[in-house]
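Input: one structure, supplied below.
As written, the chains take the letters A, B, C and D, and residue 1 is the first residue of each chain.
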Amino acid sequence: MYSFKDDYSETGHEKILSDLLKISRTQFDGYGLDSISEDAKNFIRQRFALDKNDADIHFISGGTQTNKILTHCALSSIEAVIAADTGHICVHETGAVESNGNKICVIPNKDGKLIPSDIEKIYYAHTDEHMVKPKLVYISQATEIGTVYKKQELENLYKTCKKLNLYLFIDGARLGAALASNGMDIKPQDMANLCDAFYIGGTKNGSPLGEALCIINKKLNENFRYYLKQDGALLAKGALIGSCFKTLFTDDLFFDLAKHSTAAAQKMKKALVEKGYRMYSDSPVNMIFPVLPNEIIARLQKDYKFHVWEKVDDSHSVIRLVCSWATSDEEIDKFIAAIF
Amino acid sequence: MYSFKDDYSETGHEKILSDLLKISRTQFDGYGLDSISEDAKNFIRQRFALDKNDADIHFISGGTQTNKILTHCALSSIEAVIAADTGHICVHETGAVESNGNKICVIPNKDGKLIPSDIEKIYYAHTDEHMVKPKLVYISQATEIGTVYKKQELENLYKTCKKLNLYLFIDGARLGAALASNGMDIKPQDMANLCDAFYIGGTKNGSPLGEALCIINKKLNENFRYYLKQDGALLAKGALIGSCFKTLFTDDLFFDLAKHSTAAAQKMKKALVEKGYRMYSDSPVNMIFPVLPNEIIARLQKDYKFHVWEKVDDSHSVIRLVCSWATSDEEIDKFIAAIF
Amino acid sequence: MYSFKDDYSETGHEKILSDLLKISRTQFDGYGLDSISEDAKNFIRQRFALDKNDADIHFISGGTQTNKILTHCALSSIEAVIAADTGHICVHETGAVESNGNKICVIPNKDGKLIPSDIEKIYYAHTDEHMVKPKLVYISQATEIGTVYKKQELENLYKTCKKLNLYLFIDGARLGAALASNGMDIKPQDMANLCDAFYIGGTKNGSPLGEALCIINKKLNENFRYYLKQDGALLAKGALIGSCFKTLFTDDLFFDLAKHSTAAAQKMKKALVEKGYRMYSDSPVNMIFPVLPNEIIARLQKDYKFHVWEKVDDSHSVIRLVCSWATSDEEIDKFIAAIF
Amino acid sequence: MYSFKDDYSETGHEKILSDLLKISRTQFDGYGLDSISEDAKNFIRQRFALDKNDADIHFISGGTQTNKILTHCALSSIEAVIAADTGHICVHETGAVESNGNKICVIPNKDGKLIPSDIEKIYYAHTDEHMVKPKLVYISQATEIGTVYKKQELENLYKTCKKLNLYLFIDGARLGAALASNGMDIKPQDMANLCDAFYIGGTKNGSPLGEALCIINKKLNENFRYYLKQDGALLAKGALIGSCFKTLFTDDLFFDLAKHSTAAAQKMKKALVEKGYRMYSDSPVNMIFPVLPNEIIARLQKDYKFHVWEKVDDSHSVIRLVCSWATSDEEIDKFIAAIF
């Protein structure tokens, strides 16, 4: 069985793991205050042009943890998150945000995305102390259905957020793939101007674990390390994730891996479209959502793992196919052949 | 600068890291439901004789996270933990348990430990709905000051807990060192009979990350994976920690590393005692607490990192010296020489 | 300015307040363990036929507090509430349920109500530990838009809940008005068979404060008084609310007041319908939602307080008119005259 | 059985209850935004000289609720309360503060009180992100054992708090009795200069319910009404507590009642001391703690309710005797006679 189920099936890139082996017995200071984490942060600061903002970076094990802690630190109990109904925090994090005590105000998504007028509408609907106070807008780049925000879209969203005194936070579990996608007009060095905080997903782009949370707006960074500790996210051996990111941002490995996984998925997409299958969403990243006849799906399931996303009609369903940094051309070709 | 500050300075044992490198591109199911984690659990179940209890095991990144999630799952909001004032959860976890909504009922420690009569006293003092309901007793093996519970002590504690319908949970961040300590009469296979849950510390015994939480009492395991996810601890690449523990429990590496670190610290202790220095606590594990003249401490600090634990009098302080799986004989000899 | 804004504008019925004056200096046991609260509970048990179920009753100051504490006690952190998007807990309680740590799974309402198939759908969509566990269904009788559940509807809902192992909880802030409404086929003595818990609203039916929470299902009552205390709801002078309910359930005052307020609102409704105005919802209780031309609304606002509920089109809006136990015939006639 | 168990046994003063009866059918705006609450606030502002500070006042049902909400609003999850081990929030509020997610750093009391050097010690012991951040000091005036802070003591505490950037909050459940106590050098108009927030206890001084929380420091008032609502404390009929306080602060009824209860208890104390009994604490307020032979206690228990506070030796115990605004001279004389 080969898996197109997700982009975190393979443990991690060889360079990352062999760099870890090299520092097996090196002594580091604990809790992320080590020199290798500092190196990694500097590499990221440079590549994402974060220096001018004096942004802070925190390495965190996974995405749910990052979303949970950022919102925990940013919000008081009576403040709320605004998110699309398809947002990962709304659906697949077992109420992590609510377990902090915070409500999520949910907006029906438009192609997996939020638009300024919906944010305004929900903001102005919350008028007094009988309702929570919306305070932070959560979006994903790329979204759960693989769509991406273009530069103008993010600029408009952020402008609306600033007008309404809302924070804008970007879940970048698949930021690499989004930045590597065809037609994307956002560059790494633009990110700091487009939001108050974002995270760079490592887990879904070749690292055995870890996300790099970049906090631009100082208000979101207040006492942040206290929240890391309280929420159980301050790894004793912080150098572990630091080293992973140092390798990822050496010689642009991070972007090379993202280009690889995105190209792999888009190759599959092209083949499917040419054969006349339609896509559930317009996804330019490393996951695609073809609509297939159920009998083909059943046949594929004998040799492949993937998610059946949702039923379309009695004879068709959407499936999700995800390529990773480790997906080989050979496997893609075999899969394409298997469909027909 | 050489560090005796803690047992988590070095990244991880070579065998563990090279085993990770071997599975770089192997595909695994996500979230800890992979075959390598299953192997690791079976190795642990066998070595700790957990099979007869059908105990469940969960791999979690770190100790604070483990303590937080176990108590989160075990307790309702009106139930409380009983712990010694020196307990890690009371002092050095930034209110992680309280952030779940739970109170900790604190008992002054006796050599870092709890005794049955203190538990009874605090239990019976909580009489009605104006006070929380004590429900879980938290202890550490070894304790924060390196002391250990002998078998009879744990049996007595557990008997008291069962009588009062309290859970007994053992924080085993340094369980390896405790089991390896001179005079210890508890064997791995005894643990399941001595408590409702315990964890086997990996981070402080050679693993780059990870603790193995062993839940004997089924009540503590209800919906546990939901809590793992909600609290941000369910790593997408669960095979990462699984592999670390599989290696640790292959050929008894775990116990070999614990013996090494414990022997190293005890060698230092012996040398210090022979030179007439007294110890703050009777610690048989991989950390010791000598009382030294301040001028010697100041001199050592030029070449060594360690914690100054507390002031004794105007001219003496207690320091904490911790040895790890990676501490070499040579470094110990150099340090002993440096003292005198 | 006369107010039709709500049913809690007037302080409380004279009988209730004069009964309080009579016990000014009588000594009672604290925290609701007094004889007068016991009397009140017995009166309610008898009138609602709760005896056979050995139901427990708790007097709580207000509705949000009741909803918060019931869900706090009923649910663990990973369990969730199912509610209609119009539910009071979703909209007008400032995230009280979420501040307990619990998510609300929201369903688009059907005339303010939930139906079994929607509950099934949301229940079965929550499949594993990446999502919360729905556990309690929250409905209101009457709903926020004045509609009511008939007996068969509640029976169907409760059957579905029991099948799926979900609790059914009825917010009865306006239970009196619902039971008094024309065509209602549910009797007080039916309530215990239709849900796991419900509350009888005092505040909106003549009491200066207080709701009577009736817990049928023993599981929801476990340690309940601990939650009352922890959440700040255990009044030292519990006899205060006890006395209010004792008076309300003496000589059926509670039902007389509910009939009065319902009849008052329905009289207004009849007059409006006869004049050709349509209603936003089919409400048989003490609040009605006429659709009126904006210029009439503007004129009425000079002499009357009421909520403008929502915009219908550029020239019409829905308003909410609420009658209370204290609304006089004279005021209704004056208002009807004022419309035309 | 006559009760000296507490000062909240009797429902409420006749003037308060008859004033409520007078407004039975008067319409008020909801949620405390009514004219009668505004009147009450003005009376309090004037009597406590709060005007110059533009302090805000909130009426809340009870003491635990007030403590819970004030700390909920004041503190983020990683901030902590400092309190004496005897503090009501530590012992008798079922973990209400912890259920907000906040830790309480406990200090052994000195006669029920805190002193500046203890606050400094605990403050400076919290050094980094591995520990919570102490942020609010909680004290009671009078304390749980009836002792009181004199002006100089409060000035010193508040100076320390300001130096360390800590809030000082005074639980005034028995503030009336403290201000009425013999030798007290603090006047109502001093309170605003001695702390950041305090509450004036109504429940224990003649009101059927209600505490008046006075917030001097604006930072503690931010979004406060949102917390009132979220925590279930925003009574729909806010005029109810407003009216109670309006009556209490008309013609100084509040202070007259406090003088009465205090004088009653001190009369008992004088009689006991003259007979040679010693007091457990030096309490000048409406509750006293005599040490009595167990056989006398047993005899008294046949006719009187009171708390047995703690065992002194095998033949003696401390009891707590509390007088209220309603305790008559006759009852005191009878009790004194009963002792001998």
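We adopt the following convention: a residue touches a chain if its C-beta (ideal position, glycine included) is under 8 Å from a C-beta of that chain, and two chains touch if they have at least 3 such contacts.
Worth saying up front: this structure is predicted, and the values here are computed from it rather than measured.
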- Item | Relative to subunit A, chain with the most remote C-alpha centre | D
- Item | More contacts between chains, A-D or C-D | C-D
- Item | Computed distance of Cα centres, subunit C from subunit A, in Å | 42
- Task: Report, in whole Å, the distance between the mean C-alpha point of subunit C and the mean C-alpha point of subunit D.
- Result: 33
- Query: Counting in whole Å, what is the centre-to-centre distance of subunit A and subunit D, each centre being its mean C-alpha position?
  - Reply: 51
- Which residues of subunit A are in contact with two or more other chains? 77-78, 93-95, 99-101, 129-130, 132, 226, 229-230, 234
- Message: For the complex, give me every residue of subunit C touching subunit A.
- Response: 77-78, 80, 91-95, 98-103, 106, 129-132
- Could you please specify the touching residues of subunit D with respect to subunit C in the complex? 2-3, 5-6, 8-14, 17-18, 20-21, 23-30, 61-66, 68-69, 93-96, 99, 203-204, 208-209, 226, 229-237, 239-240, 243, 326
- Message: Which residues of subunit D touch subunit A once you look at their complex with the stated criterion?
- Response: 72, 76-78, 100-101, 129-130, 132-133, 223, 225-230, 234
